[in-house]
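I'd like to ask you about the structure that follows.
Chain lettering (A, B, C, D and E) follows the sequence in which the chains are written, and residue indices restart at 1 in each chain.
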Amino acid sequence: SADAGAKVRIGSSVRSLFSLPLYVADQKGYFKEEGLDVEISFFRGGPPATAALLGGSIDLVAASFENQLKVNKRGVGVKTILNLQSDFSGALAVHESWLAGHPGKPDVRSLKGARIATLSRGGYADMALRYILQDAGLDPDKDATLIPVSGYDKVLAAAQAGELDAALFVEPWQTIAVEGSGQWQYVVDITRGQGPDVFKDMAYVTLQSSPAYLESHPQAAAKVVKAIVKAQGFIRDAQHLEELVQIAQRVFPDTDAGTLRASIAKQEHTFRPALKPDMIEKNMKLLLANKAIQDPAPQPSDVFELQYLKAAGVN
Amino acid sequence: MRDSSAAAAERPRQDPLIVIEDLRISFGKNETEAPVLDDLSLHVGRGEFVALVGPSGCGKSTVLNAIAGLIDARAGGKLRVGGRPVDAILPGIGYMFQSHGLLPWRTVVRNIEIGLELKGMPRALRRGKALDLLRKVGLAGYENRYPAELSGGMRQRAGLARTLATDPEVLLMDEPFGALDAQTKLLVQDSFLEFWEQDRRTVLLVTHDLDEALCMADRILVMSGRPGRIVREYDVPFDRPRHIVALRASPQYGRLWRQIWNDLRPGSDSPRGAAK
Amino acid sequence: MRDSSAAAAERPRQDPLIVIEDLRISFGKNETEAPVLDDLSLHVGRGEFVALVGPSGCGKSTVLNAIAGLIDARAGGKLRVGGRPVDAILPGIGYMFQSHGLLPWRTVVRNIEIGLELKGMPRALRRGKALDLLRKVGLAGYENRYPAELSGGMRQRAGLARTLATDPEVLLMDEPFGALDAQTKLLVQDSFLEFWEQDRRTVLLVTHDLDEALCMADRILVMSGRPGRIVREYDVPFDRPRHIVALRASPQYGRLWRQIWNDLRPGSDSPRGAAK
Amino acid sequence: MTALRSVAILRLALALATLGFWEAAVALGWASEFWVSSPGRIAARIVQQIRGGELWLHLAVTLGEAFTGLAAGVVAGAALGLLLGVSRRAGPTLEPFVIALNSLPRVALGPILVLYVGIGFASKFLLAFSLVVVPVMLNTYEGIRSVDQVLVHVMRMLGATRWQLFHKLLMPNALPWILSSVRAAVSLSIIGAIVGEFISAQAGIGYMLDVASGAFDITGMFAPLAVLMAFAFAADRCIVALSAHLLRWRAVNI
Amino acid sequence: MTALRSVAILRLALALATLGFWEAAVALGWASEFWVSSPGRIAARIVQQIRGGELWLHLAVTLGEAFTGLAAGVVAGAALGLLLGVSRRAGPTLEPFVIALNSLPRVALGPILVLYVGIGFASKFLLAFSLVVVPVMLNTYEGIRSVDQVLVHVMRMLGATRWQLFHKLLMPNALPWILSSVRAAVSLSIIGAIVGEFISAQAGIGYMLDVASGAFDITGMFAPLAVLMAFAFAADRCIVALSAHLLRWRAVNI
């Protein structure tokens, strides 16, 4: 057909481990097996990545589902065709300088008064942090100072400079911070199953595309989904950990292998492709709690395009 | 457009090329300030060589600028060159400014040839002409120097050569020999007169040197101090070519010299012969 | 450091303030090029008024620059001012350059007072002095103009006033009256001589005007063409104060004038009295 | 006078045409409101933000960071340029280091910047400063080198000390150069402040932009940008007016 | 000559002292290698990256983006500056729009840029271009306005057409100004390219920095920055040498 063997350009909204299935499908040749020539590019956050999708410089994008809901709510058609990572792979961690003045095992309530870093204001990490604080009975606007910092390298630096006490990380950064530097300690490690339920089995990052692309290249999209589903199966098999570390190192050449290993081991079970209607509810809950969106929630048919998963044998 | 020199000498007044009537120019922003030129009238015939003398700051350069079409100030009166009103820069006018105005990034020879370059003359031709003029003003050997490497008088001579290079119909010259020593001045004046006598271009020469005016011009206009006006006009009756030593000795020369000198003098005698 | 004028007039040679011996200066990068000055020697006594004449481009300005300590070229020979070798700019020397060098962003009066400002003189004092000088050079009424709004001769006069404002011990002047018409020149020369006769500063004046040299200087040095050397020296025997009209009539004046003129002349006579 | 008036009319026409075309393109569906917003929506949002009062706060924060950085950068740049132009040793010794350091892309230095100066005002100030200082330095240096040699000689003969030479000749001579670089530096200082705010901020136009972009709210991005633009433009006009005053002695007519 | 030599020695001494202090501070534990890396480690990493071959690729990508943007920006900026300085209508009409647009922080326009020009070469080129064009324009404009009025009159009397006036007088007169802005623009063009690569890239120094910062590998960040710095510095020296040649008629000695 017209798009067989076609070139497919996939963007990842951040250089992150949540796109591990893409790296695996690429490096283990699953895309090639499907006759696809895939090119992966990285962005600095959801907005430019989605812009690239809509502007036509990429065909598919790995971005947070929450991101898509916001876009949909503004009347732009972006569809999720696959769940890349089902659980939020984040963690709330606290720096040793704070712990020095607050002895005892840290919990969320003990962070009262702390300066806590998130990524950009209104982004996923920010919303997750607010949710966690609220869930523990703290008012995120009064009981703590939330400081948006644009990247975790800067979070580490700012904490080192004494301007931060805690941070909400996403993988692999909490592993770098806690296990790697030894200067941080977990408060809530969502990747390990701690924290509120909204972060579990909730479509954290999904593979999204534009209706125009899906209409013109249905077969390519189906093949991509098929290859990624296969890759996710590969990831979930604990025996493949060492191979996954090697694959991840190609994308994170400067990150230490032990860190990658620990991070992947924690989250490999979350790379599940299935999309379920209640995932929309969970994301909406988070968004509504942060007043980032207004009711009503969109219908699953508005945001999901499930035929590709079905074709790949997932439901 | 050119007359033979004989014909030109006969009818300078019948065929005025430059006509100024009641010219009034002021620079000040406020109307109350005295104008620089007020009711100034003059004419220069085709092929005539006219000298303009007057006290420093009286507006001689301003007159030349006006004729050249460079004045940007409030101006009134009538001003025509070759029958055309001067509302822009007219072609065929060469103007040697009071300051040399050489382009600092061009060597001497490239400064001299620039007028020809602008007219699109091929490189070899214009270079030849420029080198020839360069020799005539006594700058041989300095063709590849930059203006900053020249002495004051050498810059002035380069500026003269540049003005002559384009062979203009009308020549406006503002103290073209002022920075030259007496001997070099004679040499260069000589070169200039030689050039002039070939085609008898119309020349309006501003000078401070009465000897220069008397030796070179057909007619001398004397300007008053501010506001500038033509207060007196002298025909210079000497035959051409003129011999300066012989001229200086003649009583008519001395008489004319003293007359003009007295016209220029604002007041009474000082111990050193200057008004206080 | 100052002599009374009478004493100064008696012993100009005994107490030479400026001494140049075998000065050699070349600008070219390659050693083969002829130097601008070669084996030039001269001296100027304390309180003496010396004029320097010579053909355009012979190195007069270069000599003044050397005395002022401004030469940046390869130089050889001995050069002392007031007994001190000139290896930097010595204090107490005033230099009026060939080009006016007014600061374009300062008004005339602020240009004139700048030397005093640099010396830290209070505003009111220096302003008074500047306005006084401004009047003396005939620029009254123009104190608040910018240099771009002045005529060529007015700029030169402003430059002169600036140089005189600081009352320098030694005055180097490079054609200070060159851009002035004959009458204004006399006025300004007169002002200058008046200033000079107060304290008899040492003056070295470059000029192209033999009348100027003869009327103002105690001694006249004649330079040859490149390479520049002092080829002749004349004492000017006239008493001060000098009256120009009377001087010009005297046979001695005419003789001196013609002698210097001939010294300057490189070759034979042309039809117009200049060498070809 | 007529030329001036016709330029004013042309400007207005161009501005109206651009805004009109933009509004029409969105209204007619040629461009998506989601991505390009529209002048009407932006204006409405600005009004709303002004009513809400937050806009002035954020604007004040950003302009504060940018313009202190600008001021410090101009002073330091002019001083360095003078040093470079005048000193025989210190200037030429430092120059290659300044040039080399300046080529480092500031955006990439986030972590190190944060490590040493934190995420507060200082980081934004420093970024703005660092973008401003070298262009000003280079222009000051060239402005000094463009001085007429005769004027240098005149000043030295009049007994100017080295400091007076700077102060009374080289600085005024370099003034058109410095002012030109300051005009260019206005936008650089704003970029520096915004980059700093993107690294981390709790207020400022960069913060507003970050929030709006995270919410895919293009109108929300354009509204503060339009206000910022208006202020930067006003700053530029101030510099132009200042130039015209300081350089009133210059009569140019090409 | 001696001044020149002593400057060279001072420079070397300063460079060695800085690097030595840095290395020593890390070796003696005053600063943590994790945070500041060290010259030795950076050098080793550069060698390793050169051996691996990737460095040249990334460097070529970034310099390609930056320098095409620089070249286009200089040409466009000089042309705009000329237009502004010479035309009675077009230049003055456009000027406020250029100035206003220039004050927009480019970093904030990422999504819109990506939407319209994609994530390829064009986006980086445009960012570099957009940072370069206005500083060059402003300096060209001032360079034209700084022309000696007498020279304008001379050229016009010699019959110069408007184009010849540009070409033979105004351009050469503005040359020191343009060259000065080009020096400043080198680093701006690199910043533009890196910002573009940060939005999205598959190669380039910005990409390398992104990878390294994604692992908090300070050595990995400093190594490509050091190489980039060396090249930017070399570019600057080329411009300086070109200036010295083009402006050889200028004899300045302060």
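Assume contacts are C-beta pairs under 8 Å (C-beta built on N, C-alpha and C of every residue); 3 or more make two chains touch, one makes a residue touch a chain.
No experiment lies behind these values; they were computed from the predicted model shown.
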Chain labels contacting chain A and also chain B: E
Selected interface, A-D versus B-E, where C-beta contact pairs are more numerous: A-D
Same vs different contact residues, chain B with chain C, by half of numbers used: same
CA centroid of chain B to CA centroid of chain C, Å: 27
Chain centre separation in whole Å, for chain C relative to chain A (CA means): 85
Length of the line joining the C-alpha centres of chain B and chain E, rounded to whole Å: 50
Mean-CA-position distance for chain D and chain A (Å): 37
Set of chain D residues in contact with two or more other chains: 35, 110-112, 115, 149, 198, 213, 250-251, 253
Residues of chain B touching at least two other chains: 99, 148-149
Residues of chain A whose C-beta touches two or more other chains: 47, 50-51, 54, 151, 153, 156-157, 160
Pairs of chains in contact (touch as defined earlier), listed by label: A-D, A-E, B-C, B-E, C-D, D-E
Complex contact set, residues of chain C against chain D: 65, 68, 70, 89, 91, 93-95, 97, 99, 101, 103-106, 114-115, 117-119, 146-149, 162, 166
Touch list for chain E against partner chain A, complex: 34-35, 110-112, 114-116, 118-120, 198-202, 210-217, 220
Residues of chain E defined as touching chain D within the complex: 3, 6-7, 10-11, 14-15, 35-36, 85-86, 88-89, 92-94, 96-97, 99-108, 110-112, 115, 131, 134-135, 138-139, 141-142, 144-147, 149, 152, 165, 170, 176-177, 179-181, 183-184, 186-188, 190-191, 194-195, 198, 205-206, 209, 213, 216, 218, 221, 225, 228-230, 232-233, 236, 250-254
Of chain A, residues touching chain E in the complex: 11, 15, 39, 41-44, 47-52, 54-58, 151-153, 156-157, 160, 176, 181, 252-256
Residue ranges of chain B touching chain C (in the complex, touch as defined): 27, 53-57, 59-61, 98-99, 138, 149-154, 157, 174-175, 178-187, 189-190, 193, 208-210, 215, 241-245, 261, 264-266, 270-276
